[in-house]
Amino acid sequence: MVKTEVTIGKLKIKNPVLVASGTFGYGDELLGTVDISKLGGIVTKSLTLKPKIGNPPPRIAETPCGMLNSIGLENIGVDKFITEKLPVLRNYDTAIIVNIAAKRVEDYCEIIKRLEDAEGVSAYEINISCPNVKEGGLEFGTNLSMTAKIVKETRKITDKTLIIKLTPNVTRISDFAKVCKEEGADAVSLINTVVGMAIDIKTRKPKIASITGGLSGPAIKPIAIAKVFEVFKNVDIPIIGIGGITTWEDAVEFMIAGAKAVQVGTANFVDPTVSLQIISGIIRYCEENEIFDVNEIVGSIVLDSPQV
Amino acid sequence: MIIKTTALVVSNELVAENIYRMEILSPEISRNAKPGQFINIKISENFDPFLPRPFSIYNTIEDKIQIIFNAIGKGTKILSTFKAGASINIFGPLGRGFNIADEFDIAVVVAGGLGIAPFPFLTKILKEKNKKIISFVGAKTKNQIVTDGLENIKIATDDGSLGYKGTIIEFLKSNILNMNLTSSLSTFKIFGCGPNPMLKALVNLCNELKINCEISVETQMACGTGLCRGCAVRSKDGNYKLACKDGPVFNSNEIILW
Amino acid sequence: MVKTEVTIGKLKIKNPVLVASGTFGYGDELLGTVDISKLGGIVTKSLTLKPKIGNPPPRIAETPCGMLNSIGLENIGVDKFITEKLPVLRNYDTAIIVNIAAKRVEDYCEIIKRLEDAEGVSAYEINISCPNVKEGGLEFGTNLSMTAKIVKETRKITDKTLIIKLTPNVTRISDFAKVCKEEGADAVSLINTVVGMAIDIKTRKPKIASITGGLSGPAIKPIAIAKVFEVFKNVDIPIIGIGGITTWEDAVEFMIAGAKAVQVGTANFVDPTVSLQIISGIIRYCEENEIFDVNEIVGSIVLDSPQV
Amino acid sequence: MIIKTTALVVSNELVAENIYRMEILSPEISRNAKPGQFINIKISENFDPFLPRPFSIYNTIEDKIQIIFNAIGKGTKILSTFKAGASINIFGPLGRGFNIADEFDIAVVVAGGLGIAPFPFLTKILKEKNKKIISFVGAKTKNQIVTDGLENIKIATDDGSLGYKGTIIEFLKSNILNMNLTSSLSTFKIFGCGPNPMLKALVNLCNELKINCEISVETQMACGTGLCRGCAVRSKDGNYKLACKDGPVFNSNEIILW
C-alpha cells in the first residue's frame, strides 16, 4: 500500500496530482464523467474581483505538440464562485485550490478576504504570470519587487496555504521563488504558459486575436523541468510542477526534478480523465520499484556529473 | 452523459473527392446522440497532432455512429488511413444539437460543402416526426456533392457542374420567394451548416424574411467539453457563448457570426 | 521570375534561407548530397580561439516535437577553420557567415581579427546565447551591458556585416536588440535554443550529461515567432528568424512576422536537403500569390486588433 | 555517396517476439552499402517522433535492403505498422562499416539480443571471401533468438531456455579457451554488437586474450550524418569520435565504452 499523501505548506493532499488552473473550469464541469474526489485537488480557473467576459476569439491555436491560448481570464468573478460553485465543490473529498488574479495588489487582498469568510477553500494560488491580460499579468510576474509586494500583502490576510504561480518568461525564475519564500509564501507553482505566437500564412493574421498567447502542452515540458530543477537547486520551498504533463511518466519526471506535486493542464483537453490515469500510473510505478511513499521520489534526481 | 470509449472502426470509405465516411461501433454514443451533436476523436497516440478533432455525428445506425470528413489537414489525413477493424479513441456525444421541439411543419435544410455532415441524422429524426423536409445542398463542384440520407434535394454548384449555377443561398432565396408563401413563412424552420460566409448570407436572408433558423457553427476547439473556454462565439447580449457546449447549434438570433 | 535577394546590413544573399550554426557543420559536411551553392548562405558551427573537444556524452535527447542538445561548442578552432575549411567554402557561390563564440571580449575581437585577414568570410554572427558553455554563454546574452560591450568592441574591428545572435532566455529580448542596434550591429538573429531539461525516469539521471541543454525544433517555433515579432515591433534592425523552421510555410510565417531572412537548424537532422525544399517552396508561394519580391513578405503581418 | 530516397516497403514481418524484419526496395543503397553501415528512417510526416531512427543494414538482397527491429518505443511501434506497399523515407548508407581487409582467417561473430542486426550482411560478404565464421548469439530467452543468415551458430540464453545458460561472453570465453589455440589466436578476429554491458565484457576479454576486435556501438543520434556532433564517443586519445561517421563500428582499442 503506497503512501501517496503529500504536504504543501499547511495543505495535505491525498495524492500529488492536481488539475491546473484554467484547464478544468471550476471543477464542476464534468462531474458526470470525472470523479474529482479521486484527485489530489483541483485548481480553479483564475477568479477576479468582478466577472470577466474574456478575450475576443480566436482564443486558441494548435502548435507542434502544444497549443496557444489567450482566454483572457474569462471567469464568473469571486462572489458568484462563492455562492454557486463552492457549495457544490465542498461536497467532494478533494482539495479546492482557488486561483486568483487581479490588476491591483488591493484586489488580490480583497478577493482573498471574501474567500476567507466562505467555507471550503483549501488553499490559494496567486496568478502573477498570465501572459494574456493586465490582471495577474506579466508586469507583476516579471518584476521582483511587485512579486514581493503581492506576496507580502496577501500573506497578511490569510493563514491558509499560499502558493505563488510563477512565469517562465524571466531570465532567472529562482530569483522570483526566493522572493516568494522570503515574503512568506508556502509554495510556488511553475510554470505558467510561455509567451508564443502563430500566424496564418493564408490571411497573414495572428492565429490568436490578442496576437500573442500562452504556449502549453508537451512542447514546453523540457522548459518546465529545467525551471523546476533550477528552483529546487536554489531555493528551499515546496514546488508544484506544471508544464506538458500528459502521462504518469511525465509526472514522475517532474517529481524526480524536485516537484512535491504536479498539475495537469492542457492534457485534460485531450482526455479529461487523464489525471486519474496519471495517479494510478504513479502508484503502479511506486509498487514496481518498491517505493513506499511518493515523497521518496521528490528531488531524487541522480547527478554523477559535477556541474551542480 | 458523455461517453469516453475506445471503439471499433467498422468501415472507412471514400464517398466523394477526398471525402471519407467512417462508421464506428459505439452503442452508448449511438443511443445518447442527438442531431447536431458531435464527437471528439483523438487522432494519434503521439503528440502531433495533439488536440482531439471534433466531427459532427453524420448519422446513427443501430449500435453504430457515422462521421464524414474531408481529408484536408494533419488530423483528417491520418484519419483517412484508418481501416476497418482499427480501434479509435472517441469522446461524446458533445454539444447542444438542433431544437426540433418548436413550431414548424416544413424543415428546410441548407448545407454548404461538408456542412451536410449533421443532416442525415437530423433528417432521420424529422421524418420520424413526420415533418416535411426540403434540402438545399451546395458545393464548389459536383465531385464534392454528397446527398445520401437527405430528402427532396436541390443542388447548386459554384461552377454549375451540377444543378443551379451559383451559391446555395441565392438558390434558396429564389426558391423561397417563388414558393410565394410569405404569409405562412413562419411555419418554416431553416437548419443551416457550412462555411461562415454562407452562414452569414443565410442568417441575413432569414432575418430579412423573418424565418426561424438554427445554424451549426465551426470554431477552433481544444477540449470540446467546456473546460478550455477556447471556442467562444460572440452572442447578441455582448457576452460570449461556447460553441462546444452552448452550441455548436445556435439560433440565428442568438449569436453574431465573425 | 521572383526576386529572392535580400540584404542584411552590407550583406546581399541570393535568397533568404540560411542553415543555422551548429546544424550544418562547417558547410562541407555533405557536399556530395546537398548543393550549398543553392543556399542563401551557411552559418558555420561556432568557432572559438582554440579548438574545443566539446561536452561529454550524452549530448542530445529527443523531446516532444524537438530535441535538447549540449554539444559544448565542439569545434576545430578559428585557425584550422581558416586553413582547412575556408579554402573549400570559397569555391561555392553562397554567403559564408562565420559564427564565433568566446569567453572574453578580447577573444571575440581576436577571432575576428584573424578572420579579417582571411579571404572568403561574408559576415559574422556573434554567439552570445549558447546555453551550454562559458564561451558565448548566457552570462553574456542575458546581460545588457555585457551585450553592449561585445557589440561595441567587435564593431570596431570589422566593417563586414555584424549579426548578433540573441537568446530567448530573457524577459524582454527587444531590450537586447535595441542595445545591439545602438552599438552598431547590422542585424540580430534569433532565437538560439531555449534552456531545457529531461530526465530518464529509469535511471533518474538527466538525459543530457551537462544536466540542462538547449531546446530546439518545431516545439519552440511559437516562442521564436513571438520573439521575432517583439523585436520587429520595437526595434528598427534587420532580423534573421530562427526556431523550429521545418517547412516553407514556417519560413514564410517568420518573414510575415518581420524576419528578412531565416535559418534552418534542427530540421537539417531530419533531412539535410530541407533548406533547398524551403527555398523552392517560398518561390512557389510567391508565384502563386503574385509576389514579385520576397521582401514584400517581410513584416507583412495583418493586424485588425488594436493591441499593436 | 549518401542516398536520400522515398522507397517501397516490400515486406514487414514478425520474426520473433516483438521483433520485425522489414524489406525495402532501394537499388542504390543496396549497391553502395557495406556491412556495419546503417540507414536513417524518417518515421512520420508529423513531428512526433521528430528525429529519424537509425537501423543497421541487416542484409541486402539484390535491389533490396533489410532491417530488423524491436518494437519497443515510439518510432519502432509506428514502423511495425508499415505494410507491404507502403512508402518509407530513408537515408543512407551511413557510417563506417566493419573492416574485413585486415589479417584474419577465422571470423568470430558475437551478438547480444538485436546485436545480430548487422551480421547476416557481414556473414554474406565474409563467405564470399572464404573466411571461416563462428557465430555466438545470446539473448534473455529463446523467443528473442534470431539466427537466420548466420553461420556455425552457438546460442546462449540468460534463462537457459535455449543453448548455454548464461551470458554469451562467458560462453564465448569458455569456447575460445577450449579451442586452446592461444598461439594462433592472432588469426582470429571478433566482430561484436549488442548492449553496452555485453560489449564491455567482450572488449575486456579481447584485451585479455589479445584478440583483434571490432564492435558496433549504439548512441543517441540526431542526424546520423555528422552535422549535429551529438553522437560523441570517447576515444582513447582523450578526444571524441562520432558514432555516426567515425563509427558505428570501432576497433575495440580505439574507444572507451561508457
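We just call them A, B, C and D in the order they show up, numbering each chain from 1.
Just so we're on the same page, contacts are C-beta pairs under 8 Å (C-beta built on N, C-alpha and C of every residue); 3 or more make two chains touch, one makes a residue touch a chain.
The model shown is predicted, which means the values in this text are computed figures rather than measured ones.
Set against one another, A-B and B-C show the most C-beta pairs in contact at A-B. Ranking all chains by how far their C-alpha centres lie from the centre of chain A, first place goes to D. In terms of their C-alpha centroids, the spacing between chain B and chain D amounts to 54 Å.
Look at where the CA atoms of chain A average out and do the same for chain C: the two points lie 34 Å apart. Note on chain placement: the centre of chain A and the centre of chain B lie 36 Å apart, centres being C-alpha means.
As a whole-number value, the distance joining the C-alpha centres of chain B and chain C reads 46 Å. Of all residues in chain C, those that touch two or more other chains are 56, 64-66, 217-219. Residues of chain B in contact with two or more other chains: 47-49. Taken as a contact graph, the chains are fully connected, with every chain touching every other chain. Against chain A, the residues of chain C that register as touching in their complex are 56, 63-66, 68, 142, 169-171, 194-199, 201, 203-206, 209-212, 215, 217-223, 225-226, 229, 244, 249, 252-253, 256-257, 285, 300-305, 307-308.
Of all residues in chain B, only 1-2, 4, 42, 47-52, 89, 91, 219-234, 238-240, 258 touch chain A in the complex they form.
Within the complex formed with chain D, the chain C residues making contact are 22-25, 29-30, 32-33, 45, 53-54, 56-62, 64-67, 69, 71, 74, 217-219, 246, 266, 268-273. Contact residues of chain C toward chain B in the complex are 64-65, 218.
By the touch rule above, chain D contacts chain A in their complex via residues 47-48.
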